[in-house]
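Multiple structures are listed underneath, in structure tokens.
Next come two complexes, and both contain chain A; in the first it sits with chain B, in the second with chain C.
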Partner chain A sequence: MERARLVPLAIAAAVVLALALGPQFLRPSSLYLVSLWAVTAIAAMGLNLTLGYAGQISMAQGAFVGIGAYATAILMQQGVPFPAAFVAAGAICFGVGWLLGYPALRVQHHYLAFVTLAFTTLVYLLLRNEQWLTNGVYGISGIQRPVLFGVSFAKSADYYYFCLGMLAIFLGAMWWMIRSPWGRAFMVLRENPVRAMSLGVDTRRYTLLAFAIGSSIGGFAGGLFAPLVQFLEPGSFSLGYSLSLLLMVIVGGSGYLLGPLVGAMVAVLLPEFLRFTQGYYLLLYAAAVMILMTFCPQGLIGMAERIAAALRRRRTTATTGTH
Partner chain B sequence: MKYLMKSFFVAAMAMAPVAAGAQSTIYIPNLAELSGAGAVSGTNWRDGIILAVEEINAKGGILGRKLDVPHVDTQSEASIARAQIQRMIDNKAYVVLGPVFSGSVLPSMELTKQAEIPQIMGGEAAAITQRGNPYIFRTAFGQQVSMPKIANYMRDGVKAKSVAVVWVNNDFGKGGRDAFTAEMRKRNIPVVADVSTESGQVDFASDVVKVKNANADAIFVYTNEEESARFLREARKQGIRAPLIGETTLLGQKVIELAGEAANGVKGHVGLTADAPVPALQEFGEKFKKRFGYANDHNGIKGYTAVYVIKHVTEKIGKFDSKAFAAALHGMTIKPSDEPGILMEATWDKNGDIDRQSFLGEVVAGKQKIVEILPKAGL
Partner chain C sequence: MAPVLEVKDIHKSFGGIVAVDGVSFSVDEGEIVGIIGPNGSGKSTLFNCVLGQLQPTSGEIRVDGKVTTGMRPCDLNALGVSRTFQLLQVFPELTVKDNLIAAGQEHRGSMLSRLFGPPDAGLGAAADRMIEFFRLSHVAGERAGRLSYGQQKLLDAAMAFMGGPRLVLLDEPAGGVNLTMLADLRERLRAINREMRATFVVIEHNMDFVMSLCTRVLVLAEGRIIAEGDPASIRNNPKVVEAYLGP
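Our next item is the complex of A and B:
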């Protein structure tokens, strides 16, 4: 029992230490990739709440990252300081996410997927065609990194810590939320909505909340994405990105707290690692994902849990066997 | 959890610094669209570069050092391009080649500017050279140069009194469309139909109907390769009579291949082509075909000449100095007599814009035919 608890703790400590020491041995390009991983993981975490915990399929998470990113960039260029722009990005996505939740009250599963898919396309078209606001296909460039309390986060190492700090905050908030009555309400919504209703859970409100909170986390991720890449164009937030976020949640392990972190690692860092194979890297990446999904549909965390459980069982039988 | 750990180490390994190249090579990475929406252009660009690098290395490289030119994929995605350009800067690139899509050039050029590394790229959007960036260089005309040429052709060659514009709604198409309509306005030629199409669009039936109903004297088609071919096929099917006019892409080899018979009769301005009555260009076209088994388009020439620009400038300054390189290329004219690999005389101005001769052509019996050589624009 002791050991079962110690192992994950030791791993967590090692990961945190490695990330903290990152700038000591990583170059700016690698720091950028890890920052991109952190930002993507936050976006996937939002989707994990909507999809993994509350069971509402959404193909709109990429669109919310886009809304958040554009909101932050546009507000910052109007002279709004980063913290205010960042909060506004989350708030706007909360409102829009709440509205998008209404169709979810009426349709479920793949029908809901189509509704959210249409929404993503709509957002893409708005970002592209409303040139007066978003600069259309030319995109927005020269987005500044934030300055907070007189401290500039312009350097890659500083912004790296900023993104990781944000990831830690969102991870903590998520951990708290899924243990709170809200989290339990989301989960019962996924498992059995009829029973949830009979138990007095306001399913209507919680469905809307699941969408709104998940979307606002996507918006916050967008708020970090804009100063990270320092260039925004509508194409980055088209349907492909939403699908990719969906993939991260499922590959990592939908409904597991750490699932999106692992999923984002697979999606952002694995293709980079495979680059040495030259022209084959995307092919190998796709093959790896397909094999993974065939043999462990619960995702990587699900698989790790299964292996851990099997090991534990073996150990128990081994100990009972000797006695 | 074990897997979490494992993936982490795998990722960490991936990010470990690449061993710096030996002193005998010079690192000139190529960032290109090798997958995604830009793959057709990016692959052509890469193969042009491969050809030039092989030739130069076979002759001993530049100043005695062989060229080390890895080809790195952007997936036609801005955030990936951003990551890869940073890696090239970390590895202390001498000069960066690519990318081809303007959407990837814009986020990468800020970084090369900060690092003071010259970037020779294939983007044609007007905005690229209008930002006062002293490290960015073109290998083909920007739209602010090519559109006046096509506008003159519309007025004097086609004698059009009205035009329709079909464009692809990305930064390339929108930039071209904006520049073109502005030039038409200057010449008092009304644009009677303004049709926006999607990148990757398959069905052009309704767009062709729109253009047909507008009854314009000429139709200007400005989309990427695959879409151009699809549009031409649909236009032929619906029996459009008005001349179809294009800028480089529409008359390009790839489009002719894909559109087949429907490309016949297309006319327009061509920045670069292996079919030009310039022996060096034709020779290049044959070499390219022999090496890769397909006919190059303008992107192949762009990539090929970009490498020879590096060779010529470096030999001129006599050292591998990125800053001196950028300073030297501004205002420089390279002649084929000094550097045969440049294929055609070219001049770079203070913004990094390129100027050289260009062509008017048309597609006759499945082949591009050049009918007139236009002089340098004189930037």
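Our next item is the complex of A and C:
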């Protein structure tokens, strides 16, 4: 029992320490990648709420990151300070996500997937065609890194800490929400909506909330994404990005708090480590996902949990065996 | 005082098929009313109309004097109307205890207090008592999907009582439950009826169970009530025998 709790704690401590010391030994390009991982993990965390906990499939998370990123960039160019633009990005996505939740009250599963897929395409077309607002295919460049309370986060290492700090905040908030009665309500919505309704769970309200909160977290991730990359173009937020976020949630382990962090790591960092395979990376990734989904649909965190349980069982049989 | 449940002239048809054809009855506080009838007599449709799962074609339903026709199940539940299901309806991935907390949490506090307040919505102790009452202590931490059929049936029943309901509609509580557990279930239900002043309406096929549990029995055939009375008089009513066995 003691060791079962110590091992994950030790891993967590090592990861936090390595991240804290990152700028000491990482190249700027690597710092950028880890920052991108943090931002992507936040976006995936939002989708994990909608899909993993509340059971509502969405292929629109990438579009919400796009809306959040563009909202932040456009507002900042109008002279709005970063904190206000960032909050606005989350608020806009909360509203739009709430509206996108309405179809989910009528359709489920792959029909809902198609509705959200159409929404993603719509957002992409708006970003590309509404040149007066988004500058179309030319994109928005020269997005500034934030300055908060007189402290500038312009340098890569500083913005790296900023992104990681945000990831920690969102992770903490998500952890709190999931263990609160809200989290339980989202899960019973996924498990059995008819039964949930008979127990007083307002399934309509929670479905809309799941969409709105998940989408707003996507919007916040977009708000961090814009100053990170400093250049936005519509192509980054096409359907492929939404699908990739969906894959991260599922590969990491949907419905697990840390699933999106692991999934984003696989999607963002692994390609760099597998550079030596040259063009074969996607092939390897695709094959690995197929194998994982066949043998462990609960994703990597689910697999780790399974292995840990097997080890515990083995140890208890070993100790009882010596008696 | 108004009856806990009043059903007035409920009709429900699906296309040309009339499932419930003018049913009226009322249930007073503390009663355990059984509804029996052959397959297809309209019991489940009637139940679903009362519970807001189906919209009656015409007629009116009142709970504690308040018109509830057409209300959503979750709003009805907020008024104190709870139910169990014929087929198992638990939350398989949640633990037994979380199933019970989920079953009661929407009755506690506001949306805000449920986000910022204690994770168990202050129901931890109540859930533990319910677990003990239904003798599920040894599986309290298990995921509900791993319990045996009988244990899930008990959990399903226990969940209906977590919100402190006024009125509980039990849909075939004895279905698929073995004889020992059946006697146990009957005692649990009687105790809750007594202690919580909860009023029950029960649909059931198991005659012995209905006759020994209920204080009053309604007999439904072809969408109408054909007999009503205490268990002994129903047992000897020729109309009831005819409805079940044919003329």
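List of remarks:
Please note the rule applied: the second predicted complex is superposed on the first by the 323 of 323 C-alpha atoms of A that agree within 3 Å, B and C clash if a C-alpha of one lies under 4 Å from a C-alpha of the other, contacts with A are read in each partner's own complex, and residues count from 1 in each chain.
Operating definition for what follows: contacts are C-beta pairs under 8 Å (C-beta built on N, C-alpha and C of every residue); 3 or more make two chains touch, one makes a residue touch a chain.
Quick caveat, the model's predicted, so the values are computed rather than measured.
With both structures placed on the common chain, the touch criterion links A:Phe273 to chain B but leaves chain C unconnected. Chain A has more of its residues touched by B than by the other of chain B and chain C.
In the superposition on chain A, A:Ala304 makes contact with chain B only, not with chain C.
Of the two partner chains placed by superposition, only chain B is touched by A:Ile11; chain C is not.
Comparing the two interfaces of chain A, the one with chain B and the one with chain C have no residue in common. Interface residues of chain C, counted against chain A in their complex, comprise 51, 53, 72-74, 77-78, 82-83, 85, 89-94, 98, 101-108, 114-117, 119, 121, 159, 162-163.
Residues 7-8, 11, 14-15, 18, 26-30, 32-34, 36, 128, 136-139, 141-142, 156, 225, 229-233, 235-236, 258, 261-262, 265-266, 269-270, 272-273, 275, 278-279, 281-282, 300-301, 303-304, 307-308 of chain A are the ones that touch chain B when the two sit in their complex. Remark: chain A residues 177, 179-182, 184-185, 187-188, 191-192, 194-203 touch chain C in the complex. Those residues of chain B lying in contact with chain A across their complex are 1-5, 7-8, 10-15, 17, 34-35, 37, 71-73, 75, 77-79, 82-84, 86-87, 89-90, 103, 106-107, 110, 125, 127, 169-171, 173-175.
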